[in-house]
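First chain A sits with chain B, and in the next complex the same chain sits with chain C.
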Partner chain A sequence: MNVLDIAGLRLSVGDVPLLADVTVRVGRAETVGLVGESGSGKSLTSRAALGMFPRGARVTGHVTAAGVDVLAAGRGALRDLRRTRAAMVFQDPRASINPVRRVGDYLTEGLRASGVPAREAAARALDLLDQVGIRDPGRAVRRHPHEFSGGMLQRVVIAGALAAEPDLLLADEPTTALDVTTQAEVVALLKRLQRDRGTGMLFVTHDLDLAAAVCDRVYVMYAGRVVEEAPSAGLFRAPAHPYTRALLEASPSARGERAEIRAIRGRPRSLAEAPSGCSFRDRCPLADDACARKVPDIRPHGTSLVACLRPQEVTP
Partner chain B sequence: MKARTLSVWAARRALGAALTVLVATVVVYGALRLVPGDPVVALSAGRRLTPEQIEALRHRHGLDRGFLQGYLSWIGGVLRLDLGTSLNYQTSVMSLITGRLGVSGLLILYSATLAAALGTAVALVSAVRGGVADRIASVLAAAATATPTFVASIALLALFSIGLGWFPATGAGTGPADRLWHLTLPAVAMAIAAFGVLARVGNAAFAEQLGREHVVAARSRGVGTAAVIRRHVVRNALAPLLTVVGVLVASLFVGTAVVETAFGLDGVGSLLVTSVSRRDFPVVQGIALIGIALFVVVNTLVDLVLPLIDPRVTAGGPRR
Partner chain C sequence: MTEPEPVPEPVPGPVLEVASLVKRFGTFTAVDDVGFTLMPGASLGIVGESGSGKTTTARVLAGLEEPTSGTVTLAGETVTGRSRRDRLRRARLLQMIFQDPYGSFDPRQTIAESVAEPLRLHAPGSRKQHRARAAELLDQVGLSRRAGQSPPRDLSGGQRQRAAIARALAVRPRVLVLDEAVAALDVSIQAQILTLLEELRAGTGIAYVFVSHDLGVVRHITDEVLVMRHGRVVERGATEHVLRTPRHPYTRLLLDSIPSPDWDLDRVARDRVARDRRALDLADRQATPAPKGETTC
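Right after this comes the complex of A and B.
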């Protein structure tokens, strides 16, 4: 049973299409990466899991999160899902915690909303802060967000997400706004907590290396579509989509070999401005006329599922 | 540690306020000296005065001494709550003003309450609902802001007093209920422009908070809509709103001049108008001082309350 099951998700606002036929699955205790450049639709996809869509969005497809049919759910059912079964950690902890309220209020708010008595919620808040490694939780709950460093604050956000004891954890670029050393600590914390509790995690990032290190499986998104899905190890060894390979070649490697860094020509496209057929073809070195005819179907190649007509030319 | 930062910060604010008042008194006093010709002519305003009276005026306003000495003697009187004697009424300026502060104070309070309550309500509804409600509110607010108080006064008088006969046209009434009834139209007249400003500023403040990520994050945690609006939108917009309310309250004091004259109310505002037209300089000086004091006190109070609303206010100040 998957904790997140997104199938054939299409989303548009007015005449502007943003997501086309997105399929993402996360199993219990599994960590799944969602990788892409800005505008690829990865944040939209992760927010869809909680039924959070832009104003005026038209949505079709299927989204099931922690057993709740999100697109069919009413307000009450969605609120219940967000309170007790699925939680999100946002990119910038300074922006995602109300700056004028105390850290203790932040942690107890969700608990109180799901009916936990005030005293019990306060005790849980202390316990949660302790679990995420914040010293002197008793003092911390009385402080305001601006009195914490970014890394410490992200721990508070993670503590808040854990308060719900969720089956599904959505991490939307949880380390992008942090220092590199803090990044490692936060990732380690997320992994540890997820392992202890058997939570399924959707890890959204633009950093392919980070995704490969953290995740069991990775989805690569481009212009509102999933273009490749593969186990992390396979994705690195043998990328099947030209875009995935280009992403790998565009990021410096810390593994010692001094491969040349190659930038991807052109700029990222959104779904609305993508060319006909394969969205990546105007930036792809392998593209020819056949790529313009229709959007390539997803099919297996090696360990990957890939939306490309000639994956054998990417990695033989 | 934190309490000390806060008290140091509060002391600085209070000192700043005192300095502002000090500078303002110099300007108020100096205005008399800037009058072309002999200031005594301005002070006597064409009345026939005996040489003794002229000498007394000169002495009272320090015109027989240099600027600094004159100012010091005048400010010394002010500090003893002696604002001099009205040339028009021949009584103490202080008693003239304090006798009328009740009406004007109630009028300002009534008007500020109306403007704050309605302005914030319209701002919140328009920001949350958006769409047509937002557009209607923005037109309403712009129209209200652009309506001069004297036009509003005349329109309200014509409609509700002369036309419908619901409210009295003049007088401040006797007894609490009667007084409120009498002050309703003038309070509404003054509140209209303030309402417009608050509806606009409030709408912007609420809309900004609604778009903030911490509001999205609160929703993502399953916090109900009403609680999100109360704890994360209204709570966070309070600081800018309170600042605007502070300025508006002080500007309402100025507005009493128009409204009290239009509605025949015997308050500080109408006293100011009469005194200006009769060139009763000591009274004008006294009212100017009270207006400045009100402005500074209200804004200092707002500044002192702000750190309680937004703890980051003091954080930018001296480091711990």
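Right after this comes the complex of A and C.
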């Protein structure tokens, strides 16, 4: 059974469409990447999994997270989902942790709210900090967030997210603000904890290399739509969508043979600004009149599912 | 066409020389004995993580911080003074680009007015001549006339970075210091700005000091690189050579930490433990000072 099932999700605020027909699945113990540039809708999609929508949003489609029908759920059911069955880790740990309360309080408040006795919750907090690699947990629980570096505080947030042993973990650019060596440690930690517990993870990132390294399967989003879905290995060896390939060619690499980078003309679009038909066609080197007629259907090509009329020209 | 007031004729030799640069904040040493030379048209990368001192080094070059000791020599003349004349002279030779240029544009001025501003300070000529030169600069960095007439808030991140580059180029500096200049941009836009920077360097012979945490970006935009850690240079050399055959364990750790499809997280974790702080610090002491012979950039 999938821990997250988003199907045909459409979202608009007023007259402004933001997401169109987004379908994303995350299985148990699976890590799934959601990759895209600004305005692609990747963060909106991940938030939708927990029923967090922008004010005044109109939403249609299906969202089932950890067995809860998110679009039909009432406040109580949503609160319960966020508290016990699904958790989220954001880019900036300082924005998601109360600066005037001690780290121990942060870790135990969720447990206490779900009825764990105080002493047991405190013991769990120590255990969690130990698991995420914080030295001297006994001292750490008495300290305030400002006494931790960004990388250490992100570990605390991860400990908090895993406190309730959720089925689903949403990680939205969890390492973007961290140094590269710290990023490697935090990712290793997330992967290890996830493997041990069988948690399904939706990993949102703009970094293709990171997605390739971390995820089993990747969705590439552009202008509020999923344009390609593929197993990580296949996506990077043989991208099927011109946008995926263009992104790979635009990313400078520090390893392997030095390859020239190729810029993509224009700038990333949001769904509201996108042209008719294929959203990428005004930046695509392969586009012609057929691409303007309608949004391309999703079709299989190689290991990918791709929304492009001629993926064979991208990778034969 | 108005030319900025002539800068002393380029003498053959380095356009920028930095020697034994030290910057302390209280008891904390942010930059510890950094030195390098930059030839006209060269591109030098400075890489490191937060706290490595790379940004402080850049800020000292631009005159935004006073060095505790050491010298910065621009086009053969040591720049130290804080007088208006000294600051203007330094600005004419060296300009700086930041990660997010939004804070450095006047929100009430159009982009074209902001780009013309340094001309008013540095170049004689009428407003009309300055406007014409500003239009030429905007065109050079690929901004439309319409973008030029917009206030900074109406521009995207990539467009603002182009505008910042146009303004920096207005006085025809010999050195551009770029501090994480493409870090906040989307991949597709980042590639556009990197391509633009390459074209500008080839076309004008300007030299870059490119400060970044991103080794992939540094590989594409620089010829030589300094790897900094805790304020010190731990490795230096030709960028391609350093990335392919890193000698210092810290450089290797940085490279191993970059995600890739065959990323071995367990190995990174093991390496990090094996080369924990003590081991690295020991290596720091043994590896410095780096042989000065390899530092011609």
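Going forward, the second predicted complex is superposed on the first by the 314 of 316 C-alpha atoms of A that agree within 3 Å, B and C clash if a C-alpha of one lies under 4 Å from a C-alpha of the other, contacts with A are read in each partner's own complex, and residues count from 1 in each chain.
Here is the rule we go by: a residue touches a chain if its C-beta (ideal position, glycine included) is under 8 Å from a C-beta of that chain, and two chains touch if they have at least 3 such contacts.
Nothing here was measured: the structure is a model prediction, and the numbers come from that model.
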Fit or clash - chain C, chain B, common chain A: fit
Which of chain B and chain C A:I6 touches, first, second, both or neither: neither
Contacts of A:A159 with chain B and chain C, given as first, second, both or neither: neither
First, second, both or neither for A:M52, with chain B first and chain C second: first
Angle, in degrees and to the nearest 10, that opens at chain A between the C-alpha centres of chain B and chain C: 70
Contacts of A:D207 with chain B and chain C, given as first, second, both or neither: second
Partner with the higher number of touched chain A residues, chain C or chain B: C
Touched partner set for A:R79, first chain B, second chain C, both or neither: first
Which of chain B and chain C A:V180 touches, first, second, both or neither: second
First (chain B), second (chain C), both or neither touched by A:R267: second
Touched partner set for A:A233, first chain B, second chain C, both or neither: second
Per-pair minimum CA distance [chain C against chain B, superposed on A] in Å: 10
Contact residues of chain A, present in both the chain B and the chain C interface: none
Contact footprint of chain A on chain B as seen in their complex: 130, 212-214, 216-224, 227, 231-232, 235-236, 239, 309-312, 315
Residue ranges of chain C touching chain A (in the complex, touch as defined): 49-50, 156-158, 186-192, 194-195, 213-220, 240, 243, 253-261, 263, 265-266, 268-269, 272
Residues of chain A that touch chain C when the two form their complex: 37-38, 179-185, 187-188, 191, 206-210, 212-214, 232-233, 236, 246-247, 250-255, 258, 261-265, 267-268, 283
Residue numbers on chain A that touch chain B, as the complex places them: 47, 50, 52, 55, 78-84, 87-88, 90, 92, 95-101, 109-110, 113-114, 144, 146, 160, 164
